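The letters A, B, C and D name the chains in turn, as written, and every chain counts its residues from 1.
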Amino acid sequence: MSEMWINMGPQHPMTHGLWNLRVKIDGELIVDADPEMGYLHRGIEKISEDRHYNEVVTLMDRCCYVAGMSWEHLYILASEQALSIAPPERAEYIRTMADEFQRLGSHLMWYAAFVQDLGLMSPFLYGMRDRDLILDLFQSFTGARMTYEYMRVGGVRNDLPPGFTDRARKVMDWLVDRFREYDALCLGSDIFRKRCDGLGVLSQAQCVELGVTGPMLRSAGSSRDLRKDRPYSAYDRLEFDVARADAGDVTARYLVRMEEMRQSVRIVRQILDWLDTHPGPVMAERVPRWLGAPYAPIGREDYLLKRRYPKGVGFSAIEEPHGEAQAYVVNEGGEHPYRVKFRSPVFANLSAAKHYLVGYHVADIPPIMGSVDICVGECDR
Amino acid sequence: MTVTLYSVAQSIAQAILGAIASVLPPAGRGVASAPVVTGLAVLLFAAILLVASMLNTIVLIWFERKLLGRFMDRRGAMHVGFAGILQNFADGLKLARKDTVRPREADTLGFWTGPTAYLVTSLILFGILPVSSGWNSGVLPLSLLLALAIFSFAPLFIFVSAWSSNNKYSLMGGMRSAAQMIAYEVPLLLSVVAVVLVSGSFDLTTIVEQQQNYWYGGPLLLALIVFVAAMLAEMERIPFDLPEAEAELVEGWNTEYGGMLFAFFMLSDYVRALVGSYLVVLLFLGGWTMPTWVPSTLTSFPLAGIVWFMIKTYIVFGVFVWVRAALPRVRTDQLLRVGWNRMIPLALLSVVLAAGVVYAKCLPVFGCVPGLGG
Amino acid sequence: MEPGEWERTLRASLGEAVVAVEPFAGTRGRVRFRAGRALDVFRTVHGAGFTHLSMVGAIDWVDHREVFYVVWSDAAKEYAILSTDVPADQPRVASATSVWPSANWHEREAWEMVDIQFEGHPDLRHLLMPDGYAFHPLLRSFKLHEPEELEVKVRHV
Amino acid sequence: MSASTPPSPTAAPAAGATASEIELPVIQAPAVPFVEIEALRSREFIPAAKEALTSMIQEQGQAKLIRPVFNWAGRNSLFPLHWGLACCAIEFAAAFGARWDAERFGVVPRSSPRQCDLLIVNGTVTWKVAHKLITLYEQMPEPKWVIAMGNCATGGGPFRTAYSVVPGVDKLVPVDVYIAGCPPRPEAMLDGILRLEDLIRTRKE
């Protein structure tokens, strides 16, 4: 008995979701790897064809359950392009802020899961504890912890509650302190460095070839970040740096994500200052009633029902916490989208699994896969 | 004469046999003779010891859960009993009632005897390690060697049960466990050699009694560090808990075990943790003795030795829990490399240092080594 | 680069393989090409700096099917969309895996969902649905309906 | 407690025993020689006594002592399977975080189904994973319970009409407690576990 296949999943503490990593091992060495997906395929693209435009937002929250707001944003951007509707400026800022909150929440969740894979027990609890603060902020302006249904075609559902910006500033201050503690627990530990340095290396050329994006790509030396390269919503009006590292290993991914969280805090602080001084509407006028928008102009409900809505195709791409997500929405003039197609960053990052797993040990699988940051919901859709 | 556990057992045996002898006809009076009393006292002592050790272990699990909870900014078990102290009894009872499923392809003999033997060998240690004066002095002149020999039985039984569960994760866990324990056996024993050199005895009681005013943990600090690290590996706790590394091997070698057999594993793990803490206290922290400058009211109440011993044990175990809460897990090859390349040279160095201590006899801060005939 | 200018550049090297380059908001343009010469188009576009393939999708237009590719150029920091129409009775197009290895899973998904045969794909098997699943759910002819009533399992006491 | 006294051979049938089992041969066939009757009687004595003792333990002891104790143990140490399916898995994890701390109730997730007694189905179940879920359920030793957490596990949720989704996990395994919500908040999950504890408290098996 020299080589054997083992199934890690669908029920395995390493997977953090519903997928199966089949690895071929020789002793403790990985010889081959083949991820098997689809255990959480819920047919979101098909169901979307039976839904109104705003009802698809409900599915988006569940599509990626750790970054629901980013996916709402992605879908809404594509739908707005397909329907030729533009949101007001304040809504764009609020969306950007929600996006960055979601990045913080998702990265904190990643931190919690990643350190647990390494055997660090307490930081898992710390990550979850601090993520709850972000969720509290979400709860105060969307009413939900994870499934928000907040963005609408043409804007956002409601404005921020009074006193929100002060609370958010307090949370941001607290988080910046905690990031120091996280670094002390991880980078300050020799065992952590010994385990993570030089692990799961993927070069920049390989990343581009295999379609790997997001923090994994930026940890390999690229500075590609759609927020800078192809700004959407309010990102062109905000100051931030792109986090990047060169090594392309697990430590580099850790460093990139931690730096991204710091940059998110920086972005959020700028937006909070802007929001304090720029009140205004958060929903575009002249949004067709059948989109289900709560703020459709009174007396003009049938504004566009009488004629068919102009056809169009929408394409959007955003920098989601896991990487680069894209949506392609085809509007054929009906009440429902004709076809919705999503590109999930996790889908592409996972398809390269063989390239960053082979040659390492079985014990390296959890940290490597943890550093990829997997959300099976968006991968399987 | 101070009250010890053995004297308590002896007086109970005396009382019982005396009562029996008083009602028996004269021909049966012999039951109260000295050998019979001693025999019954030993049996009673063993029974008390077993029950007390089991209870102690269960309280130790509770202690770890609460302490770990505090390290993690939460509370741990709260619901059952006062501050959750009955939680582990509930766990144990529940596991006792659950079915034990044996996989069809598993090896029957190994599957059942592995955990049982693991628990039994762990429990035997409680009979060997003295926790207060007058425990088994003179009976076991090589008690330290015997304890360490039995302590290192465990990988065999872990491997037996892992192999016979017929599960790939179990098998890998068992392999890792065997490799790890063999690697860490050597530095563990070498660091004990340092203590033996200084004390000149393999008898734990003698070793402890010499430490009353001279805890070996001070001059033999290096040996203490090596011993604690090796003991962490032997107990399979984070950062050396590779055999049951939850992230990659589902539950390690006890993946296929449920119900009572899993409870055996769980209990044995903590029995071994307790024994490990015992050994640290016995070899390096003065055992049940307290320095003579401690007021005698604090050291002369009944069972004072056991109380002090337990306090020290729980402090040592608290350090183990702290380590568990703060460190990530190492990798197998790193673990073995550290074991063979770092720990063994350090352990050898600690032996040399111990020889130096013996040669110098008196050190500036720590004072003179007792029991060297000087 | 304007879509018109790009069309001229592409036509110079590809000739009739390119049907049209349409303007498409937020991207350099949508290149409509003939499915028969897909590999030439892929190589040319890859050579023009679009080294990153983001997505392969397919749309069922009932009378025909459309396969589209989203590519990204790091140098120009721009997206472009490639799109081709294939007949519904013979949905065949060459696989892009030889040019962009990242197309692998995307094409598996497109085959599984919209039944596009990618010729030359190394490993065209089910990805999201279980092996042996006979339908292609994202075809328009596949309708969703309320699930049939199944028996509820009750604990056997 | 009459059943606890050893019944004499001619006494009335012990409680719980059927008539055919303890019909004494002396009544059926009086012509049998005395020695043989004695032998038969003594042979009859052991099953009768065993029956009496068993019924006593089953009816009296188990009701008053054994079952309450084990039910107390069972409901206070529910080990759920460490398995995340979908969105609810994140709230499941949050319930073990510092704010909710499900370990207060003795709920500790275990990774191996052999050591679990609670299967929390926290998310959408697809047909692809259905047989794996059933396998996991069957790998768990008795007694075991199932909680359907969230709308997807209860009835398919927003994905009910999808082609790949099981419309409710109770079509696959028997479910004891359903928790509503999409996803349920951690409080709701803890409430579901406490309701399951109530269910175990009143259990009679």
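We take it that a contact is a pair of C-beta atoms (placed from the backbone, for glycine too) under 8 Å apart; a residue touches a chain by one contact, two chains touch by 3 or more.
Remember, predicted model here, so these are calculated numbers, not experimental data.
Q: If you tally the C-beta contacts for C-D and for A-B, which one comes out higher?
A: Comparing C-D with A-B, the pair joined by more C-beta contacts is A-B.
Q: Which one of the chains is farthest from chain D, going by Cα centres?
A: The most distant chain relative to chain D turns out to be C.
Q: When you take the mean of every protein CA atom shown, which chain's own CA mean is nearest to it?
A: Smallest centre-to-centre distance to the global C-alpha mean: chain A.
Q: Whole-Å distance, chain C centre to chain D centre, using C-alpha means?
A: 52
Q: Taking the mean of the C-alpha atoms as each chain's centre, how many Å separate chain A from chain B?
A: Spacing between the chain centres: roughly 48 Å.
Q: Taking each chain's centre as the mean of its CA atoms, how far is chain B from chain D in angstrom?
A: Distance between chain centres: 36 Å.
Q: Could you work out how far the Cα centre of chain A sits from that of chain D, in whole Å?
A: 42
Q: At least two partner chains per residue is the criterion; list those residues in chain A.
A: In chain A, residues 12-13, 38, 41, 43, 46-47, 50, 125-126, 129 touch at least two other chains, as defined above.
Q: Of all the residues in chain D, which ones touch at least 2 other chains?
A: Residues 97-98, 111, 128, 161-165.
Q: On chain C, where are the residues touching two or more other chains?
A: 128-130, 137, 142, 144
Q: Draw the chains as points, connect those that touch, then say whether the picture is a line, ring, star, complete or other.
A: Contact map by chain: other.
Q: According to the definition of touch, which chains form touching pairs?
A: After working through each pair, the chains in contact turn out to be A-B, A-C, A-D, B-D, C-D.
Q: Quick one: which bits of chain A touch chain D in the complex? Just the residue numbers, please.
A: That would be residues 10-13, 15-18, 38-44, 46-47, 50, 58-59, 61-62, 65-66, 109, 112, 125-126, 128-129, 131-132, 145-147, 376-377 of chain A.
Q: What residues of chain A sit close enough to touch chain C in their complex?
A: Touching chain C: residues 37-38, 41, 43, 45-47, 50, 81, 208-213, 222, 224, 229-230, 313, 315-317, 324, 326, 328, 330, 338-339, 341, 343, 347-348, 351-352, 380 of chain A.
Q: Okay, in this complex, where on chain D does chain B touch?
A: Residue list for chain D touching chain B: 69-70, 72-74, 76-77, 97-98, 101, 103-106, 110-112, 114-117, 139-143.
Q: Mind pulling up the chain A residues that touch chain B in the complex?
A: Touching chain B from chain A are residues 4, 6, 8, 12-14, 28, 115-122, 125-126, 129, 185, 189, 191-192, 194-195, 361-366.
Q: Hey, which residues of chain B end up touching chain D in the complex?
A: 65, 69, 72-80, 84, 86-87, 89-94, 97-101, 246, 250-251, 254-259, 262
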